Amino acid sequence: MTKTRLEAFSDGVIAIIITIMVLEMKVPHEASWAALEKLWPVFVSYVFSFLMLGIYWGNHHHLIHSIKEVNGGVMWANLHLLFWLSLIPFATGWMGENHFEAKTVAVYALLLNLCGVAYYILLKVIQNCNRNNETFRHVLVKQSRKGMLSMVLYTVAIPAALLHAAIGGAITILIAIMWLLPDRNIEKAEREH
Amino acid sequence: MTKTRLEAFSDGVIAIIITIMVLEMKVPHEASWAALEKLWPVFVSYVFSFLMLGIYWGNHHHLIHSIKEVNGGVMWANLHLLFWLSLIPFATGWMGENHFEAKTVAVYALLLNLCGVAYYILLKVIQNCNRNNETFRHVLVKQSRKGMLSMVLYTVAIPAALLHAAIGGAITILIAIMWLLPDRNIEKAEREH
Amino acid sequence: MTKTRLEAFSDGVIAIIITIMVLEMKVPHEASWAALEKLWPVFVSYVFSFLMLGIYWGNHHHLIHSIKEVNGGVMWANLHLLFWLSLIPFATGWMGENHFEAKTVAVYALLLNLCGVAYYILLKVIQNCNRNNETFRHVLVKQSRKGMLSMVLYTVAIPAALLHAAIGGAITILIAIMWLLPDRNIEKAEREH
Amino acid sequence: MTKTRLEAFSDGVIAIIITIMVLEMKVPHEASWAALEKLWPVFVSYVFSFLMLGIYWGNHHHLIHSIKEVNGGVMWANLHLLFWLSLIPFATGWMGENHFEAKTVAVYALLLNLCGVAYYILLKVIQNCNRNNETFRHVLVKQSRKGMLSMVLYTVAIPAALLHAAIGGAITILIAIMWLLPDRNIEKAEREH
C-alpha cells in the first residue's frame, strides 16, 4: 500500500519535471523559420533530457515493481533521487541556451552523475529491506552493473566536456544508448515471478 | 499492475501539458476590454489544443483500458507519444502569439501529424503483445482507421497551411470533428467484454 | 475502473491549476515590507480562487464517489468542466494585478458562472447513466439546488461588478460561503449506502 | 476509497509544489562559473524547502496511512495545509533572491509556522473521527509532540530572524533536523498493526 503512494508521488514528480522542461523552450515572438531555427540547441537538449528522464522512469518502474517492502529509508533515498532529477530542467535549459558551451555540458554530465549516484544509493537501501527476493535480485544485478559503468563514464565525461564539449557530449549520449539497449532478462524474471 | 502505472504517468503528463498551456495566455497588465480582446488568437488556439489533448486522453484511455499486457516496448512507444504531445503548448503558443500566421499553422499541423504517427506506432506495438484480445481488436480497427485518415489529412494540411493558413486550419478542425463523432461500437464492445 | 482514471485525471488537473496560480504571485526583487504589501490584491484573489477550487474538488469528489457508471459523455462533460476551471488562474491573476478593477471582477464572476454551468451539465449527463442510484440522487438534489442558486447569483454579480466592483465581489464571496456550509445529509447518505 | 483520493490529490499538489520551486532558479544567460555562483542562495533555499516538503510528505504519508476514516472536515483541514504549503515556493524564491535578508527569513519562518499549525489542526480533526485506532494514536503522539515543539521554535525564530537572519535560519534548520531524526516507534507500530 505504501509502495503505491511512493510510485504515485515519484510518477507525479517525474511527469512534472519532464513537462516543465518544455517551458524553457520560449515561444519566439516572430513567425519566421529563422526564429524557430535558433531554438535547435534548446530543442536537442530537451529531446535528450526527455529521453534520460524516460530511462529513469522505466528503471524506477522496474525497480519498485520488483519489491514488496518499503520503509522510511527507501522513501528518503527516493526523495534524494527526485531532488537531483528535479534539477535536470535547469541544467538542460542552461546547456541549450548557451549552445552546448563546454562548462554547461560538464555541469550537465555532473548532474546526471549525481542522479546516477542517487539511484545507486536507492538500489542499496532497497537491498537492505528486500533480501530473499529473487525478482529484485535480477533487477539489482542488471541495474547496478549498468549504473556503475555509467558513473565511471560520467566521471570521465565531466573533465572531457571541459576540454571539448563534443567529447563530453558523446560520452553522455553513449551512456543513454547503453541504457536503452533492452535487458530482456529483467522482464523475463518478472514474468516468471 | 504495470498497466496502472503507465496510465497514471500518462494521465499526469497529459494533465500537466493541458494545464501548462494556459500559462501562454499572459495576464494583461491593464484592465481594459481591448487588452482582453488582443488575446483572442491565443485563447482560440488554447481551446483547440485543449480539445485535441482531450481527444488524445479519451482515446488513450479507451486503448489502455482494452488491453491486459504491457511490456517495455509499450512503455517506450507511450513515452514517444507523450514527447510529441508535450510540444503542443509550444506550437499552440507560437500559433496564437503570431495570429495564425501561415508558417505557425503549418508547424502546428505537422506536430499534430507527428502525434498521430506516434499514436499509430503505439497501437501497433500494443497489437504485438495483445493478440487474441477481442476488445482491443475493436479499438484497434476504429482508431487505426480514423488515425490513418488523420495522417493523410494532416499531410495535406501542412502545405495547404503554407499556401493559406485558413485552409490548413480548416482541415485541422475537420480532423478534430471527425474524432469527436462518437464510436458507439467501442463502448459497446467494452461493455460486452 | 474507468471511474478511477477519470478521478485521477481530474485530481491531476485541479491540483495543477491550484498550484500554478501561485506562479502569478511574482517574487518581489526587494526585501521590503512595502514590496510584500503591494502583493495583497494578488494574494487575496489567490486565497479566494484556492477556496473555490477546493469547493469544486470536494463537490467533484462527492459526485464521482456516488456513481458507478461512467461513459464517454461523462468524460467529455468532465473535460468541459476542467476547461473552464483551467482559466481560473488567468482570471485570478488579471483581477489581482489590476486591484479588483470592476471589469476584472465581472470577468471573474462570469468565469465562475461558466464553471457552474459546466458542473451543472456534468450533473445532468451523469444523471442520464446513473438512474436507480439512491446515493447519487441525494448528491444531485443538494448540488443542483445550490448550483442553480449560484448561477442566478453569478448572473446578478456580473452586471453588479460593472456598476461597482465591491458589490460583485460581495455576491461572489456569498456564493462561496453558501457552498462551504456543510451538507451533513450527503455524507450521511453515503455512509448509509 | 475516499482516503485514496485524498492521498492522490495531496501527492499531486505536493509533487507540483516541489517541482515548481525549481522554476525560481532562473537559467543564467551566460555560460560562466560566476553566473552559476550567483545562484547559490537560490539553490540553498531550494534544497532546504525541498527537504521541508519531503518531511511534510513523509509525515502526511504516515498519518493518512494510519487512519481509516476520512470525512469532510479532514478534506478541508487537508486543503488548508496544502494552501500554506503552496506558498513555500514564493517564500523560498523571495528569500533566495534577496540573499537571506532578515525580513525574508522571518517571513519564511512564519510561513513554516503556519504550515505547522495547519498540520496540527489536521491531526486534531483526524483525531475526532479516528478514536479507538491504536496505530493512529502512536502517530499522533509522536507527530503532535514534535509539532508543538516546532511551533514554539518557529515562534522564536521569527523575531530572532528580524534581529539577525542567521539566528532565525539556524533555528529553522534545527527544526528540520529534529524532524529528520527517525521515529522507529511509528514504523514499528505500523508493522505490528
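The letters A, B, C and D name the chains in turn, as written, and every chain counts its residues from 1.
Methods note: a residue touches a chain if its C-beta (ideal position, glycine included) is under 8 Å from a C-beta of that chain, and two chains touch if they have at least 3 such contacts.
On a predicted model such as this, the values are computed, not experimentally measured, just so you know.
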{"item": "Smallest number of contact steps required from chain A to reach chain C", "value": "2"}
{"item": "Chain copies touching (chain C, chain D) - same or different residues, decided at half shared", "value": "different"}
{"item": "Most distant chain from chain C, judged by the mean position of its C-alpha atoms", "value": "A"}
{"item": "Intercentroid distance (Cα basis), chain D paired with chain B, Å", "value": "37"}
{"item": "Distance from the mean Cα position of chain C to that of chain B, given in whole angstrom", "value": "26"}
{"item": "Touching two or more other chains - residue numbers and ranges from chain A", "value": "8, 12, 16, 20, 23"}
{"item": "Complex contacts: residues of chain A adjacent to chain D", "value": "1-2, 5, 8-9, 12-13, 16-17, 20, 23-24, 71-72, 75-76, 79, 82-83, 86-87, 89-90, 93-94, 97-98, 101-104, 107"}
{"item": "Complex contact set, residues of chain A against chain B", "value": "7-8, 11-12, 14-16, 18-20, 22-23, 25, 27-33, 36, 47, 50, 54, 57-58, 61, 65, 182, 187"}
